[in-house]
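For reference, the structures are reproduced in the following blocks.
In what comes next, subunit A is part of two complexes: it sits with subunit B in the first one and with subunit C in the second one.
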Partner chain A sequence: MSVARFWRKQPQRYNLIGTSCETCGRAFFPPRSFCPECRRDGKIVDHAFAGTGHVVTFTIIRTASEAFEHLTPYVLAIVELDEGARLTSQIVCTIDEVSIGMRVKNVFRKLGSDGESGPLYYGTKFIPVK
Partner chain B sequence: MRKVAVIGVGCTPFGEKWETSFRNLFVDAGARALEDAAISGEQIDELFVGNMSAGRFVDQEHIGALIADYAGLATKHVPSTRVEAACSSGGLAFRQAVTAVASGNADIVVAAGVEKMTDVGTGATVDTLAGAADREWEGFPGATFPGLYAMIARDYMHRFGLTREQLAMVAVKNHRNGARNPNAQFQKEISIDTVMQSSLVADPLRLFDCSPITDGAAAVIVAPLERAREFTDTPIQVLSSAQASDTIALHDRRDISTLDATVAAANRAFQLARLERKDIDMVEVHDCFTIAEICAIEDLGFCSKGEAGRLTEEGYTALDGTLPVNPSGGLKACGHPVGATGIKQVYEIVMQLRGEASGRQVDGEIGMTHNVGGTGATVVCSILGVV
Partner chain C sequence: MVGIVTYGAYIPRYRIRIGEIARVWGANADDISGGLGVFEKSVPDLDEDTITISVEAARNALQRRKIDPDGIGAIYVGSESHPYAVKPTACTVGEAVGATPVMTAADYEFACKAGTAAVQTCMGLVKSGMIRYGMAIGADVAQGAPGDALEYTAAAGGAAFVIGNDDPIAVINHTCSFTTDTPDFWRREGQSFPRHGGRFTGDPGYFKHVLGAARMMFDQVGTVPSDYDYAVFHQPNAKFPQRVAGMLGFSREQLAPGLVVPTLGNTYSGASLVGLAATLDQAKPGDRIFVTSFGSGAGSDAFDIEVTDAITSDLFTPGAAPTVTELLSDPIYLDYALYAKHKGKIVMQ
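Let's look at the complex of A and B:
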C-alpha cells in the first residue's frame, strides 16, 4: 500500500475515528461520507469510537497473503463496537482463547510493512477484555 | 423487450493449464461456441467479456480489444466490452449480452468469460482474490477471501447447528458430479474423510471446502428467440437474468449468514420469468466454498434458513435428488476461473436442457444459475428453459 494511501487513513486506523449521521444517529466505521439511510438529508460528522465491543464471528487464518504469512496462524474477527458499527480486525490472543460474544477493546499495533526497508503500517487490533 | 435465446455454447477444459495462454483460452472457448451455433465471425454484432483481474494475473488490461483482435473481429470493428464484478464477472457479461439482444440493440451477441490464474504464485493469487472484498477495511487488516467465508461458516454453524460433516458432504457431492464432467478440473470422487483430513485454510474451512485456482474460458452466443431456429434445432430460452448489489464488506451486511443480494436477484429473476421455486429442475450455484452452497440453496428460496445442511445430507441436492445442485461439479470440482465461472454455469444449464450432459445428465426443462461476486456484494441469477 502506498504511503499516501495509508497516511490519509491514519486518523481512522490509529484512533478509530469514524463518522456518524446527526440526522438519524447511526455511527459508521469504516467512516462513510454519505448516510445510506438519510441520503441527502443526512449530516455527517466525525465520531470517535470508544473502542469496546464484542466478537460477532471469527476465523483462524492459516493460509495468508504474502504480507501476513509470518503471522499465521492468527485470529481474524468481525467486531461489533458498542456504538453499533462493525469492522474486520485481528484479535491479539491465542487461537483457543477467542469465542463468539467475547468482549474486546482496541489496541494500537503494527499491522505490517512494505518489505524490509519500507514504511511500517500501524493500526487497530483488539484484545480480550478480562 | 424481445425474447432471447442461447444458440451456441463452448467451454474449455478447466484446470492448471500451464501450456495455454490467456488469449488461447478465450479463442478456444469462442471457437467452440461459434462451431456449436454454426455461425461465422462476420455475423457477430457485439462481444461482452467477463474477466476479474487480467491486470494482476497476466499484466494485461484492455481485454475487450484483445479478445476482439484474437477472435478475428478487430478489423471488422465489432464492439467488445470487458465486464468486471470479481467472481461474478461472467454472470454480468451474460446479462449484458441478454440485455443487448432484448433491447433490439444487437442480434447476435457473444458473452464470454476468461481467467488465467496460474501465471502468478499462490500468495499473489490470494492477494488478488482478496481484492474482491474491501481492500482498505477487510484485506488490509489481514482478511483473506477464504477467511471471510470462514467467518460466514462460523456464524452459520453457531446459529443453525450445521455440522462439519454436513459441510463436507457438499464437497463430496460436487466431486461426485465433477467426476462425470469431462471439462472438470477434478474428475475424482472424494470421501468425507478426504475433506476432514485436509489441511485447515481458515477455521472451520479446510482445503477441500475451497474451490481451486483454475485457468479456463467459456462462451455462449445469444440471439433473438424469433431468429434462434436459423442457427440451432435446440434453442434454450433465457427466461430472465437479474442482478443485485449489497455492501462490499461482509461486516456491513444485515445478516452475516444471508446473502441479501442473492435473495433480491433470485426474487427478481423468478418475478421476471413468472415462475416459482418448484418449477426449477436444476441449479448451478456459486459454491466458491462449501458454506456458500449451503447459503445459496436457502437464499435462492429453495428451503428455509438452516435446512440446507440436512437436505444435502439426505441427497436432495444430488444428481438423482429432487433438486440437483451443481451437476457440473460446481466451482469446487469443475474449477473456478473467476471471470469464466458465470458463463460456465450457463453453458452447463444449456447442455443439461438440451440433453447433452451425458454422464451427469439430469431430467428437466428449466434450470437456473447463481453467480456471486466477492462475499455477496454482486449477485446475478438467470433462469433458462427449453423452448
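Let's look at the complex of A and C:
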C-alpha cells in the first residue's frame, strides 16, 4: 500500500472514524458518503465508533502471506460494531479463546510495515472483553 | 496548582519467567531471581512497540477523565526504543487520541528517565500558561542482548500522565534534578542492544544520582522521608530501589505499592512512571508521594506529589481503565523460543 493511501485512511484505522446518516441513524464503516436507505434525503456526518462489538464469525489463519507469517496461527474475524457496521480484523487472543458472539473492544496495534526501511503502519485490532 | 489531571498505564499480556531465561543460558535461576528480586517480566506481543504501548497508556488516561483532547497542547514521549530513528512517536499518539493538529510534540531520550523529563517539560508549559494540558509518557520495549545480564529484566510497558492546572488529582509540589556526564550505560546509533559499563551501573550511576536528587528535594522542600506516605524509585531490579530507599530512610511499606519490578521487569522509561501509577491506584486524598527516577548517562528527577480530593470526586473515574495490578494479572507465559520470536531475536526468513 502506498504511503499516501495509508495516510488518508489514518482516521479510520486509528480511531474508527466512519460516517452515519442523521436521517435514519445508520452507521457506516468504512465511511460512506451516501445513505442507501434515505438516498437523497440522507444527511451524512462523521461518526466515531465506540470500538465495542462482537465476533460474527472467524477463521484461524495458519498459512499467511510473507508479511503476516510471523503472526501465525492467528484469528481473523468479522466484527460487528455495536453501532451496526461490520469489518474484518485480527482478534488479538490465543486461538482457543475466540468464539462466535464473543464481546470485543478495539486496541491500537502495529498492522504492518513496508520492508525493513519503509514506513510502519498502525491501526485498530480487537481483543476479547474480560 | 500544577499537577496530574489523570493518568493511565499499559502492560503487554505476555510474560517470561526469569528461570526460563536462566535455563537457556545454563545459569542458576534461584541465584539470578534472588540477586535481582525479579521473578518474571513482561514481553510485547508481535504487533506491539513503544508507539502502541504509548497510545494504549494515553487512551487509558483519557478514559478516566473526560478532558477535551483539543485542550492537550503538548505531547512528549520518553523512550529508548522509539520505533523510528526519525519520525516522532508523539505525533502518532496525538493523532490516536484526537489531540492533533493544534499541539506541539517531541520524543525524548534520556535512558530510563526520559518519561519524567517529559513530566517536567509539561509542568513548565502549563505553569507558564503556554498550554492547558500536556501529556507526558514514558514507555519502552526494553532491549537486552541475548545472554546479557540485561536480558533477565528488560521488559515492556509504559504510563501516561496528563499535566494541568484544572482540579488535579495530585498536585506536584516541587521537582528538581541531578545530572552529570557518566558512562554507565549507552547504545550507539544503529546498534540493536545497549551496553553497560559494568561496575559503573551501581554506585557512580544509580546510587549517586538517585541520592543526589532525593537529598536535593529534602533540602529544597524541607521534608524528611517520614513526611511521605509512599516512595517510588527507578527500578531496574528490586534490589537497587530497596537499597536506596533504606539509605534515605524510607521503609519497605512506603516502597511496596510502587515496587512493581518483581513481576513486571524493568520497563526502562516506563519504570518509575508505572511505579507512580501503581501507587496512585491505591492513594487517598492527602497522601504524599516521593518519586525519584534515574536515567543512565546520567541523571535523576525528583518529585514531591500530594494527592487531592479530586481523586475521589466525580471528575475522575479510576475504574474506567485498568489498574497496574489488573494489567499484571492474567498473563500468558512464553517459553524462550516463543519469547525470542516476540522480541525479534531470531531472524525470520
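The working rule: the second predicted complex is superposed on the first by the 130 of 130 C-alpha atoms of A that agree within 3 Å, B and C clash if a C-alpha of one lies under 4 Å from a C-alpha of the other, contacts with A are read in each partner's own complex, and residues count from 1 in each chain.
Note that in this section a contact is a pair of C-beta atoms (placed from the backbone, for glycine too) under 8 Å apart; a residue touches a chain by one contact, two chains touch by 3 or more.
Everything numeric here is computed off the predicted structure, so don't read it as measured data.
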item: Side-by-side fit of subunit B and subunit C on subunit A, or clash; value: fit
item: Touching partner for A:Val56 - first (subunit B), second (subunit C), both, neither; value: first
item: Subunit B versus subunit C as contact partner of A:Tyr14, first or second or both or neither; value: second
item: Which of subunit B and subunit C A:Glu69 touches, first, second, both or neither; value: both
item: Touched partner set for A:Ile100, first subunit B, second subunit C, both or neither; value: first
item: Subunit B versus subunit C as contact partner of A:Phe108, first or second or both or neither; value: second
item: Partner chain in contact with A:Pro30 - subunit B first, subunit C second, else both or neither; value: first
item: Touched partner set for A:Ala77, first subunit B, second subunit C, both or neither; value: first
item: Which superposed partner A:Ile91 touches (first subunit B, second subunit C, both, neither); value: neither
item: Minimum Cα separation, subunit C to subunit B, after superposition on A (Å); value: 12
item: Intersection of subunit A interface sets (partners subunit B, subunit C); value: 69, 71, 111, 125
item: Complex contact set, residues of subunit A against subunit C; value: 10, 14-15, 69-71, 92, 94, 107-111, 120, 122, 125, 130
item: Touching residues (chain side subunit B, partner subunit A) in the complex; value: 123-124, 126-127, 130, 134, 136-144, 146-147, 150-152, 154-155, 158, 199-205, 249-252, 256
item: Subunit A residues touching subunit B - in the complex, by the definition given at the top; value: 1, 9, 30, 56-69, 71, 74, 76-78, 86-90, 95, 100, 111, 121, 123-125
item: In the complex, subunit C residues that touch subunit A; value: 45-49, 51-52, 55-56, 59, 83-84, 92, 95-96, 98, 330, 332, 341, 348
